[in-house]
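We call the chains A, B, C and D, going by the order they appear; numbering starts again at 1 in every chain.
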Amino acid sequence: MKKIERKDFLLLGGGAIAGGLTGYVFSGAPFLSFQWLVEWTQDQYVPTKGEEKYLQKLCEYCPNKCQISIRMIGDRAVKVESSNSCCPLGQATLQLLYHPERIKTPLKRTGSKGSDKFAPVSWDEAMKDISSKVNKLVKDNKADMIAAVNKDYSLSGELLERMIKASGSANVYYESSEKTIAQGALGGFAEYDFANTDCIISFGAKLLEGWGNQCQMNQHFLNWKKKGVKLIQVDTNCSTTTSLADEWIAVKPGTEGILALGMANYLIKEKGRTSGAPNFAAWSQIVINQYPLAKVSQLTGVDVKKIKELADTLIQARNPIVVAGKGSKGVSSSSVEMQAVYGLNTLARTGAVALKAPAGMGAIATTGKAPAAGLDDFIKNRDFEVMFVNEADPVYKSVLGKNLAEKMEKAFVVSITPLINDTALYSDYVLPSISVLEGPDSNNAEIVKPYKQSKHAGDIIIGVAKLLEKAAVSFQWNSCLEAMPGAGQTKNVTAGFAFNAEILKNYLNEYDKLMGSTEFPMALLPVELPYVGDGDGLAFPYVLKTIDRHTYSQGKLWVLINRESADKYGVSEGESLDIISERGEIGSVKAHLSDIVAPDVVGIPLGFGHLAYTKYAEDKGVNAKEIMSDKLDPLSGSANWWATRVKIS
Amino acid sequence: MKRSLFFIIPFIVFAYLSLILFQRACDYTMNLQAEKRLPFNHKTHLTQYGADCETCHQYYDNGRFKGLPTVAECTQCHDRGGEVHNPDPTVPTKKAMLDSYKDTDKPWQAFAAQPDLVYFSHKVVMTATYEDGRKKSRCGSCHGDKAGSTTTEKIKGKMLMGQCMDCHTALHISNKCLVCHD
Amino acid sequence: MNTLVKSVIDFIVETYNSYSKSMQIFFIFLAVNIFLFMVFAIQILFWGLGYTDMNNIFAMGVWIIGDLGLVSLGGGAFFTGFFLYMLRVDKLEPIINSTVLIGFMCYLFTFVFLVFDIGQPLRAWFGYAYPNWGTHLMPQSMLTEVVFCLTFYFCVLCVELIPVVLRHKIIDAIPAFHYIGHYLHRLMWIMAAAGTFLSFFHQGSLGGGMWDVLYGKPGWFRAHHQFFFMAIVAATAGGTSFMTLCPYIAGKVMKKEVAPMETFQTLAKISGAMFIFYTTFRIYDVYTMAAKYVPSFDRNYLDIWGGYYGIWMLVFEFAACFTAIAMLNIKKFRDQEKFMVIGISSGVAAIIMSKLYVVLHGFSIPNFPWKSFAAYNPTIQEWFITTGGLCCMIAIYMIMAKWFRLFPHLDKHEHHAE
Amino acid sequence: MNTNETHVTQENKMKRRWGMAIDLDKCTGCGQCSIACAQENNLPIFEDDSDQPKRVAYLELMKVTNDRDAKYPNVEVTFIPKMCQQCEGNDPSNPKPPCVSVCPVVATDVGDDGVVSQVWSRCIGCRYCQVSCPYEARAFNWWKPRHEGSFKKSLNSDVSVMSRGTIVKCTFCSHIWKRERDKAVAQGITDINAVLYTPTCASSCPTGAIVFGDLNDPDSEVSKLSKDKRAFRLVHTIDEKPEDEKKRLMKLKDYPNPKVYYLSSRQWVRDMMRFK
């Protein structure tokens, strides 16, 4: 009896289970669950859809004024296509536009300088506070204590210059670039007519890696190839430019200027060339006496025949160009070098080079005492109580950044930038500016609304200026768009170029002294990645995707060292190094042995090792500028950081 | 005999129960009951008010499909200011529920809605024709008999890739991944 | 309920204490490994493969090595079964159960490792749902064939395993199960036949097919047919060695004669014979690689050796092969226990080394002349998932050996003892 | 077969065979292509994407120098932008890329226009295709792809955002082709072969070094360039062999036979491609 019951229970249970399963199967649930599983494993974010539009806008970031077309999905900008698609910002602009660390509102410092403790404030409050500080200084006749640092000669830059000058200070500086150096050394920046030349000799100017205006350079490069223009690159390290050039003349580190002087010597002595520029006699005397070809060739490592050949090609060319200004984005050259190279232009009597100077927006009488020669000079030798920093990052980019930071801690600093950068860390106010895509352009085409409360830097400056008792009168405009027509103008230099024999006299001795130091046997030469440049690009994650494994890889910055030198100093591939100059030491970079750098040279990438500038740039590698030479150049007043001697350990 | 019943009865009972239970579960997961449903009648719109599919389901200029109409588009006909009752059936009247209604609480989940990883172009499919100019596909071929439907209720289940591929095969259309996937 | 838990715990403690010190330490080792296996399993399955050291260059790692090794060693199961049931070599009867069990576990953990290795485990069934059949139902992707063959043969092994389980004292008491087990046992030759057939193919595909389709990669490409058979022979040779080794070790651990010596020797003999074939194949393989296939990439066979994984791998493999041949084929050696053990263990080593070589060396070869040799050192997650898996296998084997009728030879002895 | 039919109506009507030619003598290595590609294809964003072995990128900008053999100052550098080479195997009429035949779940196949697709939603992440790819063109999502905060707003809605544990790769921006096709059809152009397009890397190249087009069309610039005497293909050693030797080798094994051509006037680059 029991037995039967047990069996029956088994049957009941079995029937129930079997039935349940059948029902389950026929309900379609198993199939659906598989389908659900498939969808669930596609755990993806779905971008919001919308109507596709292509909007045209004038990019007014640089004088080039490219026409850019922006692909919009609904109200989102998803792609930038620029007419000549070669803007150094170009594709990365979107990454700035939608950067999660964009500054939303004006920020006021709450913590100590150097910390990123800020509190949001309203525009009015910020403007009032800033303007009151400036007005107070002007009242106490301390207008000279007002200073400004611009990124480059842009609309907002000129507006800021106007504001500072109008308030009675002459302390307006531009981050050291090929233009600023030229202004100091030559009395105006050289405008090269790359379009109509037939021969280019570039002394260390990496023309195809972001030097000057990359837009135009790329276009010129194509034309050169078409027209068979000869590009001769005088350079120390092998780079894209040297490889793409028709000829690469390898010189010892830092001897570009000497080579130029040697050529000058040859042209003056043997070809009887002269230049109309003032002080030529004195200058040429020194050149003839101190720079005989034999010596030059021994210093530069270029044999005499080559030098002559080079000089001949120069004077045989119909419309040659000799380009000065070593580097690509970060440029540094001594005035002697600039003058020597520019001197070659005058000796070759080329028509393709002219000196220009920024016209500014109408002359403003400056009562203040004469400014320092250049930014680095100012940082080193002057004091300030109020400083405006417009889109620039001197704390990071200047070799004297640390000193500047110290001075900033005592002063009142206003920094205009879309992202918190190293300079902003030492500012009392950080005012959010916009990317090129935002806001209206001069055709009043507004593509994207400015992000949160950010404004065009020009508008910010106008806003401040209008609150200044002294400067307000010189600002009639209501927006930077109205001011735009007057901006970006250049005028011919009245004074013209003049040789300076004084600085040339003991150039050679200084060079020998520099080379003579046995303690620092190697030269530290910067290597730049086109997109990272001298640091601006690093905040954009997609830029990081372009970095190759011998520049920055898995948390380590790589430096390039020539094979022979590696044997000499006992360095092996991938070894961790410290680089020491007389200014200090940067630690734990990895060595990559390659012959693309010259013997006794350490090639170090620029643009790494930010203190701030978003988490994508923060704490990546080291900032080579920290140990680079801060020897000031008398004329351009910017440190000649290209001439840095180091040792490795 | 008696013993076999011991098996059959629970079998039937449980089969039925679990069938109902799991079907409910499926319906629930596929969210057939939308939180806010518009009493929209496809049939009357098409038959009496002389609308056709394109009237409400339009294309962008670049050929992309706009998808479901927004409230704004509805109110173009059903004027917010218009009177609620109109003897003439052809005149669209004011619909009170449209005032309380936002595009965001759109209840529909189209049966044929494609996931993001499918690049489906209504335009291309609807333009495809035979030699004699007959259209190769109509709305019905994927969306079922919407024209006859009197509600916005979606067809049960989800359209699968198989359905697309069968059609492609039948019409000698390429079935390569890149035809629809990016 | 409580009492039940308590009794279980007591039982475990009791058994644990019943063992010698060294064994107890070993048990703890097993437990730790298996525990970490579970921990890291969760990490890998939920947060993805980022925690491994595999990368876009070195796309596969220690788990794939494990898969290849397990499959080709587990392949011994089909070959032993083949000899026992087809060729009626009854000497093999005493260890067939253990063989089946090992085969079963090898395949089981092949699947386990695969699940870890693929990026989307929840889509693993796509392999069955959307197989990549080429024209004429010839699988275009060797993986498809492998997946299906693996699955089917795994099912076969499951069936083959059932009687072993059913022979457990308690279960065997129930008459129904007894008969099922008995008849299954009678029908086992069919299973063996099917198994041989399936295993034959997937061994070939896994060995040959996996690599022959990689016509872009100098380290791997060979003609299919040649490597196909080589892989099968490898499985037979190494597998049989493995099937001899495991019960032998078990016997040593249990300090009992789990199977008569001649059983081991028979299987060892088979293995030795197969190793002669295998080594011949392998030599021919290396020759063709050096003379024919690598040059067809305009590269030199010796140049593509480099990085961490030098040619020593090859040397070691051949050394092991020749040791196995010498120890297992020369009767004088085979009859001495220790030489036989050296032989079979070096046989196993040879197979494992060939798998290491195929993966590590294959991936380390740079694809571009300006890139350097790639290297790979597994992270702790990879290590413990691998070792943990192996420990699970050992644990299962031990349990079966202790409580199930894994070695029928044993209770024969007990009968004698009575 | 009349012509007023969209592409979807006919598979054998697709005449295009998309290919690419990259002039390394024009490439300044500026990286626009790489960034444009990342932007267009919604590539994931991580805190450090500098050369990580696990980096997810479709287009790798490889810096190549001849310093292995040459000594300073006879050295040169060149940048080689490398994306998926869209291989064909020996017989272009029946394409057999190394990656397609190995996929166990048909997640990748060759389109009618010769572009090799990769559908991550089908991919199970076995990485066998990555193993088989001689160009390291395929990337695996080792981590869950991230688009932090407002970066989401710049996502391209034509490309689906990839998910963790799947393989992704360059498909010559095939979604742009679909976009163009839609535009064409909307304008009433229903001939599929009338649809032309440019992948974003080509359209973003400042010096026009990257040229994209139809290799079947003998008049297209790309097919002209592909026959240029400077043209070569990445480590495709068989190209420069004599005919009979070529035949022998092709009998022996398949060759990738990619559709991306590179042009360089530098001999050392060509030598390197032959592992010299």
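We adopt the following convention: a residue touches a chain if its C-beta (ideal position, glycine included) is under 8 Å from a C-beta of that chain, and two chains touch if they have at least 3 such contacts.
Predicted model only: the values in this text are computed from it and were never measured.
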Check: Chains in contact with subunit C and with subunit D: which ones?
Finding: A
Next item on the list: Taking all protein C-alpha atoms shown, work out their mean, then name the chain whose own C-alpha mean is nearest to it.
Entry: D
Item checked: Higher-contact pair (C-beta pairs counted), A-C versus A-B -> A-B
Checklist line | Whole-Å separation of chain centres (CA-atom averages), subunit A against subunit C | finding: 59
Notebook entry, point to check: If you average the CA atoms of subunit B and of subunit C, how many Å lie between those two points?
Noted result: 53
Next item on the list: Provide the C-alpha centroid distance between subunit A and subunit B, rounded to the nearest whole angstrom.
Entry: 55
Next item on the list: Could you grab the centroid distance between subunit B and subunit D? Build each centroid from C-alpha atoms only and quote it in angstrom.
Entry: 38
Notebook entry, point to check: So which bits of subunit A are touching at least two other chains?
Noted result: 38, 41-42, 44, 46-47, 49
Item checked: Two or more partner chains touched - positions in subunit C -> 120, 123
Check: Residue numbers in subunit B touching 2 or more other chains?
Finding: 62, 64, 115-117
Next item on the list: Could you tell me which shape the graph of touching chains takes: line, ring, star, complete or other?
Entry: other
Next item on the list: Could you pull out which subunit D residues touch subunit A in their complex?
Entry: 25-26, 28-32, 34-36, 38-40, 42-43, 45-52, 55, 57, 61-63, 65, 67, 70-73, 75-79, 121, 144, 147-157, 160-164, 200, 203-208
Notebook entry, point to check: Can you list the residues on subunit B that touch subunit D in the complex?
Noted result: 59, 61-64, 115-117, 119, 121, 123-125, 127-129, 131, 136, 168, 171-179, 181-182
Item checked: Of subunit D, residues touching subunit C in the complex -> 52-55, 62, 64-65, 68, 87, 98, 101-106, 122-128, 130-136, 138-144, 164-167, 234-235, 237, 249, 252-256, 272-275
Notebook entry, point to check: Where on subunit B is subunit A touching in the complex?
Noted result: 3, 6-23, 25-26, 29-30, 60, 62, 64, 66-67, 115-117, 158, 160
Check: What residues of subunit C sit close enough to touch subunit A in their complex?
Finding: 120, 122-123, 125
